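Each chain carries a letter (A, B, C and D) given by its place in the written order, and its residues are counted from 1.
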Amino acid sequence: MTVTCPDLSVEIAGLHLQNPVMSASGTFGYGVEYEPYLDLSQLGAIVTKAVTLEPREGNPQPRVRETPAGMLNAIGLQNPGAEVFIDDKLPALQRFGVPVIVNISGRSVEEFARLAEMLSIDGVDALEVNISCPNVQEEGMTFGVDCDMTGRLTEAVCAATDLPVIVKLSPNVTDITVIARAAEQAGADALSLINTLLGMSIDVERRLPHLGNVTGGLSGPAVRPVAVRMIYEVARAVDLPLIGMGGVMNAGDALELILAGATGVAVGTANFVEPAAMHQVIDGIAAYCRRHDVARIADLVGAVAADQA
Amino acid sequence: MPRATAILRHREEVVSGHYLLTLDCPEVAKAAQPGQFVHLRIGDGTDPLLRRPFSILLAQPETGEVQILVRTVGRGTGIIATHDEGVAYDLLGPLGNGWEAPAGGEDVVLVAGGIGVAPLIFFADGLRLMERQPYVRSIFGAANQEALVCWTEFAARCDEFTAVTEDGSAGETGLVTDVLAPELERDRPQHVYACGPDGMLAAVARICRDAGVPCYVSMEQWMGCGVGACLGCAVPASAGGYVRVCADGPVFDATEIDWERMKRR
Amino acid sequence: MTVTCPDLSVEIAGLHLQNPVMSASGTFGYGVEYEPYLDLSQLGAIVTKAVTLEPREGNPQPRVRETPAGMLNAIGLQNPGAEVFIDDKLPALQRFGVPVIVNISGRSVEEFARLAEMLSIDGVDALEVNISCPNVQEEGMTFGVDCDMTGRLTEAVCAATDLPVIVKLSPNVTDITVIARAAEQAGADALSLINTLLGMSIDVERRLPHLGNVTGGLSGPAVRPVAVRMIYEVARAVDLPLIGMGGVMNAGDALELILAGATGVAVGTANFVEPAAMHQVIDGIAAYCRRHDVARIADLVGAVAADQA
Amino acid sequence: MPRATAILRHREEVVSGHYLLTLDCPEVAKAAQPGQFVHLRIGDGTDPLLRRPFSILLAQPETGEVQILVRTVGRGTGIIATHDEGVAYDLLGPLGNGWEAPAGGEDVVLVAGGIGVAPLIFFADGLRLMERQPYVRSIFGAANQEALVCWTEFAARCDEFTAVTEDGSAGETGLVTDVLAPELERDRPQHVYACGPDGMLAAVARICRDAGVPCYVSMEQWMGCGVGACLGCAVPASAGGYVRVCADGPVFDATEIDWERMKRR
């Protein structure tokens, strides 16, 4: 058998994606910024920058800094708020004809629930609940590292919407499987992981933190081994589909995450390096399937043969 | 599509640690406006990982050539310094808004600090080609004579030129602002255009505000995407919140920036 | 004032080090392997590979794999056991005239205590208690991520020895300051951090984990932002001197850790890349002190001005 | 000190994706023994981060030249493939134990698989220079004719030479072991020396054990330090536990290795 036209489509939380590849929240704006560089209609889905109930100014600059094979960011959830998002940003996202997943963030369970309600409208295909942004020093951090909070939050969001609920997990925890299970039990339809690792870097000449916010979130290839490990662990702990992210630069990296257990793969930092990165990942996955006679990409999910290591 | 391959045609170390690169890049040469920048990928690996932004120093639509001036300050610029002719860069650009040219015929002052001279050379070049040429006075400040990089290219495109160095090794002794303040009094220009370190821009903005002269600054900031998507390059806006250097700038009306909240880096 | 001859010496847990720079456990063998490449008598200290009570075979190969700006390792504590260490390895370490810190690892509180006792001999200047090796799937892992266990273990080791006790913390935790405080309260004389981040990578062509042990510990420049952040957090949470490690390649990196709060700095993965890395770090720190008129390196410990960020 | 700078003098793509590098490195050229390797740093950044080990293909103490054969398989070797003459490498070496030469005058068989030919060329070269030259038969196997890289250099240094390819495009069709087994029966040598992929080495070791011929293999393994400190390059020992390829090897008496526990990678 020779596979010439592999089936790249996947199902995640009831969504049908033409391929597993989507943008990682916060790295792709509201989609349109990247329109000059790639055909958005070819993506598996578009995941938006975090939306909050009220507008947020974000953190003081500097907000980003390169680190070895990675970057720190402390954007601080800058966004125009849910109302402006719905009126000004969401309509433009419709014309690409791919599922739109809206990343939401809040300061309390009530805020998250209210947001979920507001966003349960035409044009939004799923919600990604950002319980793990390391740059918000209020309750936001606590959610993602505590399983009770994760459970309560997930329940509240699920109760507030009929949309599929994807809970985005923080890697800054002792045991991510515990949090993953809490989200599953509370009704999450899918999980995404990993958000950024909490990091810091210092300008030694001036003896100042590089980031205005002192600490920030580490992303990019540097963190990929942590992402692969956590996806591998979570895939064995829950029965939910996973969206993996963390340092994917090319198809090989995406396949690592898929083999570890991710059904979908989000591309973040790589967009900054190569605006057409998602296309390259999609094409590369298709080429891999042809080369290895894989008829359906879904067959590779979690297919690493760890017992034969 | 604001994306191109640029071939390094010529590299000249104009002064120690400063390289003038002449790139073959017809797409950018055609589209570039003064004040815009290119976002360059250095190598194809993870070291460095992110692209690096550089102002366009000159763009020649006829020859397809684009020039940038690179000061070596770290890893990425250090690698560029070793590149030989023929190296191909993948770049995004031209990006950003650039300076709006004045209507023509008026009096303008250009203020450059160090490497900030690059986009002002391009801007001055454009002014010279206007039908009703503005009268262009320029002030170029740097730490010392060496750091007045490409000053001849700059001076040649201006009607008046004043150099200022902190150590007095060339031109006046002091900071550009020491020259700018009396200059604005002597003869009030319609516009001031400035590019240089944040501290200089803040001081220039204050002087212009006090003198009631509209001032346009080109800012720098660490960048993630360069295309407006990541909100990494934010600088504080006087209207509250932040604006993006890459997509809302790099050129701003100086009154749009909240200089008080601006961190000096 | 111009500093021409900065004082690089530091005190850690009663040990006087001629400079803050030492080897990171497990990356420098028992010292002698690197003798052809650098003058060991110029180091601040030598930290040995982990020693266990009984000999350990270690993990199946492959044991190391490069990742972006880092590496995964799963050596599995291979070592000849405490007796052979004392008889065969320790004597050779004496001739360099610098403090010898022995890294110890065990499967139970009793094993750790027994080791501490055995190693409380001439020629050992301090013990580094490895409560955080991610490659030992027994109790070892539990110690470093649980504060009760950390406390009990630290107490037992302190009771078993008169040597300074340095507790080495795992970064694979939700809140490292909690573990740090537990170790402090239990009597630790100093803390070292960070050990490796738990990671994994996959050979997508063969669909197998790269490492024989499936998962491994991530080290190298990739993890430095995590190390800086954790050192910064722990320095503000405890009153103990810290030994920082994680991705130090050069003097600038070492100074990041020092400014974040580390009194000593250990160099690990960098030794593989550049066997003379520790010399370069020492020279570079001295040059920095001269350039910045810093009379004593100790004055820079924790000196990042985060409030002015 | 087993550390040196090596200048790339000449680079030749011998077959597609295989580069023969001639390095100017007197220290290594003088000290190198057949079977030893150099641990090369590629670039000065973090991509790639670790050094890469390469067997010494030939060392000329008189000229100070050292040759290595590099097959491009990934990031580091891919970068080497782009290097021009004049590039300087920082290297550690010669490292490892190398093959012990036989006493002289005996019958030996050398078995190379693919790129594993490199250290055997050096070894064969040494045997030729012995006062009492051993009689050297060699078997060189590869996937196809192309992959019989540097076979002329190898053949020229042996008394008998047999090529084997999996696809039959050159020499015999099959695996080296298909040739080795009858060869040992035909004329029993005193020693077998082998280098190639793990699977081949395991098979060669088994055949030699069954035939009662001492066999010495040169192994490969992912390396951290290359100097015996990290225990990263361990391979399972038949005595239990593990031995280090970099410091205890890369050459081992085949009976020292526990081929059963050896993972095929």
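Everything below uses one rule, namely that a contact is a pair of C-beta atoms (placed from the backbone, for glycine too) under 8 Å apart; a residue touches a chain by one contact, two chains touch by 3 or more.
Keep in mind it's a predicted model, so treat the numbers as computed, not measured.
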*Treat each pair of touching chains as one step and give the shortest count from subunit A to subunit C.*
1
*asked:* Strictly by the touch rule at the top, which chains does subunit A share as contacts with subunit D?
replied: B, C
*subunit B-subunit D separation of Cα centroids, rounded to whole Å*: 55
_Centre-to-centre distance between subunit C and subunit B (centres being mean Cα positions), rounded to whole Å_ = 46
*Per the centroid of Cα atoms for each chain, what is the distance between subunit C and subunit D, given in Å?*
36
*Name the residues of subunit B that each touch 2 or more other chains.*
46-47, 263
*What are the residue numbers in subunit C that touch two or more other chains?*
60, 68-70, 212, 220-222, 309
*Based on the touch definition given at the start, go ahead and assign the chain network to line, ring, star, complete or other.*
complete
*subunit D - residues contacting subunit C, complex*: 1-3, 41, 46-51, 92, 221-236, 240-242, 247, 261-263, 265
*subunit A residues within the subunit D interface of the complex*: 68-69, 309
*subunit C-touching residues of subunit B, taken from the complex the two chains share*: 46-47, 263
_Which residues of subunit A touch subunit C once you look at their complex with the stated criterion?_
60, 67-70, 72, 145, 172-175, 197-202, 204, 207-209, 211-215, 218, 220-226, 228-229, 232, 247, 252, 255-256, 259-260, 288, 300, 303-306, 308-309
*Contact residues on subunit D for subunit B in the complex?*
43, 45-47, 75
